[in-house]
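There are structures below to look over.
Next come two complexes built around chain A: one with chain B, the other with chain C.
And now, the complex of A and B:
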């Protein structure tokens, strides 16, 4: 039933075989690819209905995302934007990935969604409705599920009939990497045959205020402009991907996570993560061809850069930065970094995706990229 | 898979060597064990928020809790109420396991904490502040501490861990079992050498209103499996378990509460709030397979048992499907004692199961008068019962049809195995 660690030779590698995104460039992986390759800035003035009195004037918002237009009227009456972005992205992924997934093996399909705190807009709107109604329970019962953090994952399962392990994870800006590691464990312990894994954030005035007020009094580490969107990767054993005619876009080689207590510990902590992941992958720094850091700016950005310089020394792989283009994706940040790595995955070698969270956590994931094809 | 067989290919065995609990019926293992054995009730009028306008307002709150003895390094303002519970419970668990922080710090570790609401209690307060003064008045400390990841990263900071993966699992009311299951997998695979796993939640207006609006809040107390049950009471608290491989527990001579034999996950993918019988069956069967046990070996079920009309009938029907009408083991709900502590619920229930195995008794389902024939189980009504428990099953069902079932077993020394 359950595999022991086994020797690497006998273990199928874990492959990313398809991906999809709803990003500030629009719906679909190709829009994200085009935007990133041309370094088009997707941070732009927020439309009034999204800004809704929030403190940020600009954001990386998903254009033309009318929930009923994208998903239809059925089941969307009470659906919030976070859930809809996730449901839509899962749908895009399943449509483009082909056979052997939810339609054929619903009980063997897992779904792992990363989230900061669900929809803070849905939660706070609901509580506000209770506090301002004539009676405190005069609230819309249809919005109750939106106030629970697993709404995006569970509604995606309902909409697309995904009946295997359904999990919502939260780990600050590292969330995408932690979600990927969780999904990898599900596969290796054979709790699912394939897993859709990623993370989502929605733009809202509430999230914007929380981010702005969190910055107040710090001054060194500012958030915003905020981005929103959803990234979903299809994770499955490489042999399974090939059997269903899907390409191995990347192999998940290793992830490592560390923590630090004081801000200045971030550099050492991240360096330890990267060194540990390289050791686990039995790889040397010069095999890294692509680096996608969290690029948080401020002191954390400085520590992240210093850690990468220390580990990679004179070696200078291609560097991909996304934050200035699409905004601060908060809990979806690392998932977008993984997508950015896949966009540039024509180099061969190893892609290194790193993340540092102001809460004191650091981590990285190493992906093995296929050699450049013709 | 036989959990007890040896040999080089055997899956590593994982045991619980420490328990930290913060509950409405007792803080710390000793007080909680006493509360379970005595069948204490945590139900009382809500103090977390103003209940004016509701027809009734009981919950199972943690009262008179001073976190200061447990939280030494973290300013208490940096932690919301749920994180305060999780961090305090983690420190208790470490001490209960006989570990000083440095011993955990030296090992590669996992901290996984399940939750339904994260720091929604803080968001309640911010909404009130917004209405009164506007969002410009949000205190920065609260705006920083509300995200769900703080329930796990708070533990990391307090214990000064360095070589650690911190994950909060926000899979609603099954999250505690998910978090313990992830710890089991991380130890089985060798990814980590020690895991602090469990769940935490704090009573909040948002969740009370949600359940109240759905008509599922009991007016006075929670009566699982009773003919006159009227719903759940919201509750709060935390449980954190120290998990490690059997070999490391034996090597350091640790006290072993129980073995974590396996778990199963499945999703209904049908309805946002209503449970589904067939997928609960599927989850239980997956857990039994993973644990290498058969239904006839299960001595006790700690049910999700919320005490709502729908949950108890659906859950017992699923248990009946798996075990057979005449072979269902005693099936209890500790929610009768401590209410529904949301993402903490299955973690606290897992702690109760481990204690039940160690201490040799079944905690009662209290407030029980007349068993509902539609969910007729031996719920060990009102009084604890002595029992030699070898295998215990802990059910958890969540909104969105996210189910997780955990199987614990008695740790038998070499001469007993």
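And now, the complex of A and C:
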């Protein structure tokens, strides 16, 4: 049925109306905001139980995150840290966002979670138990759900009665941006009335070893210290946010993703992404007031900076860097960049969030920020 | 006079181990469970928890329990009987 063919091409904008995070600054958006605004370094020595013989001595770890203390005893016995961080963050978001969500319209709520590999610790621990026990099936069946990558998304939906589309997205360090675009598509195609979208990573010695070994043959693009945490954004049509009394913190305007096959292709690839997103937004580079790059350092960082200089020319928007403060968030990196943009979203204009992945992908998302009102 | 439920010959230590395993998996305190309280109806056990209990007992007590025995493992008494039989085999 086509009902809008003859009507004006007015389309409700897609709004971010609330967000929550479990970050290296602690639980809650306000802790993250305070840490970022004061540029407090949250990368610090890892406690022994987290370091667990891994190669990195420091990391951006979520403090005081005892799973049973945060989520209670029921249903947490076999829950891994990645799942618990996600379930806790979804809970914080639903509590702070108010009405019209999972409690009132569970079938209308979607959930899109970005993840690297799920929990590499859970996967490796389970395999190890099978190989080292007296019999190969002497394993803990309760750990099986932890070994699939959609564990965090599915458990969050179960724990919080979210019964709409449930999606897990994995796309390297771009994950948060791809997940946001996926969630936007769900809304625009009316698969859901509102979508919780974000990404999560847990710190583990296993992830730390993988990151370090992945860098070993490279020499230019070193990893670590690693960060961990979860960011969830509430995405819904702007009119719906207003109807439920939520502010429009930012509007999702456009995303572009491109590929490259040689490292030096990263610069041109990202420049094409940014130019394309600006074109779709019918905006000029001087309307960009805030840039949050992936800030990966090494040659990819250089190419990212070069691409931004080429597109923005003499224009110098405010630059927000998070990696040195909270660590390399891997698959949650871009979601934390989006959260960082929301922390600084008091300028009006456009926020540009960019990301470059060593696997050969680059991309960006443009957010329209509300004009400063006070 | 026959016993309605013949006393299980399992050692108390083994029974305690089993109860500890079951209470841990069902996430309840020891005193919330009796020998006859029902795992599904009274302690919210689902099929995954049932498999967890079976697997944990097999590993801790070094016994092999056939999957069809799960039907009898409705409460601690049922588990004791299954383990006792498995230990004899």
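Descriptive notes on the structure:
Please note the rule applied: the second predicted complex is superposed on the first by the 365 of 374 C-alpha atoms of A that agree within 3 Å, B and C clash if a C-alpha of one lies under 4 Å from a C-alpha of the other, contacts with A are read in each partner's own complex, and residues count from 1 in each chain.
Rule of thumb we're sticking to: a contact is a pair of C-beta atoms (placed from the backbone, for glycine too) under 8 Å apart; a residue touches a chain by one contact, two chains touch by 3 or more.
Here the structure is a predicted model, which is why all the values come from computation and not from measurement.
Look at A:259: by the touch rule set out above, it reaches chain B but stays clear of chain C. By the touch criterion defined above, A:170 reaches chain B but does not reach chain C. One of chain B and chain C touches more residues of chain A, and that partner is B.
Shared-chain residue A:13: touches no atom of chain B or chain C.
In the superposed model, A:141 lies in contact with both chain B and chain C. Of the two partner chains, chain B is the only one touched by A:130; chain C is not. Applying the stated contact rule after C-alpha superposition, one finds that A:182 touches chain B and leaves chain C untouched. When both complexes are aligned on chain A by C-alpha atoms, chain A residues 137, 139, 141, 145 touch chain B in the first and chain C in the second. By the touch rule above, chain A contacts chain B in their complex via residues 1-2, 4-5, 55, 106-107, 111, 115-118, 120, 123-124, 126-128, 130-132, 135-137, 139, 141, 144-145, 147-151, 153-155, 157-158, 160-172, 175, 178, 181-182, 185-186, 188-189, 191, 205-206, 209-211, 213-218, 257-261, 269, 272, 276, 331, 357, 359-361, 363. Residues of chain A touching chain C in their complex: 73-78, 133-134, 137-142, 145.
Across the complex, chain B meets chain A through its residues 1, 9-12, 52-54, 115-120, 123-124, 126-128, 130-131, 135-136, 138-140, 143-144, 146-150, 152-153, 156-157, 160-172, 178, 182, 185-186, 188-191, 205-207, 209-210, 212-214, 265-273, 279, 282, 286, 289-290, 292, 398-402. Across the complex, chain A is touched by residues 24-25, 27, 48-49, 51-52, 55-56, 58-59, 62 of chain C.
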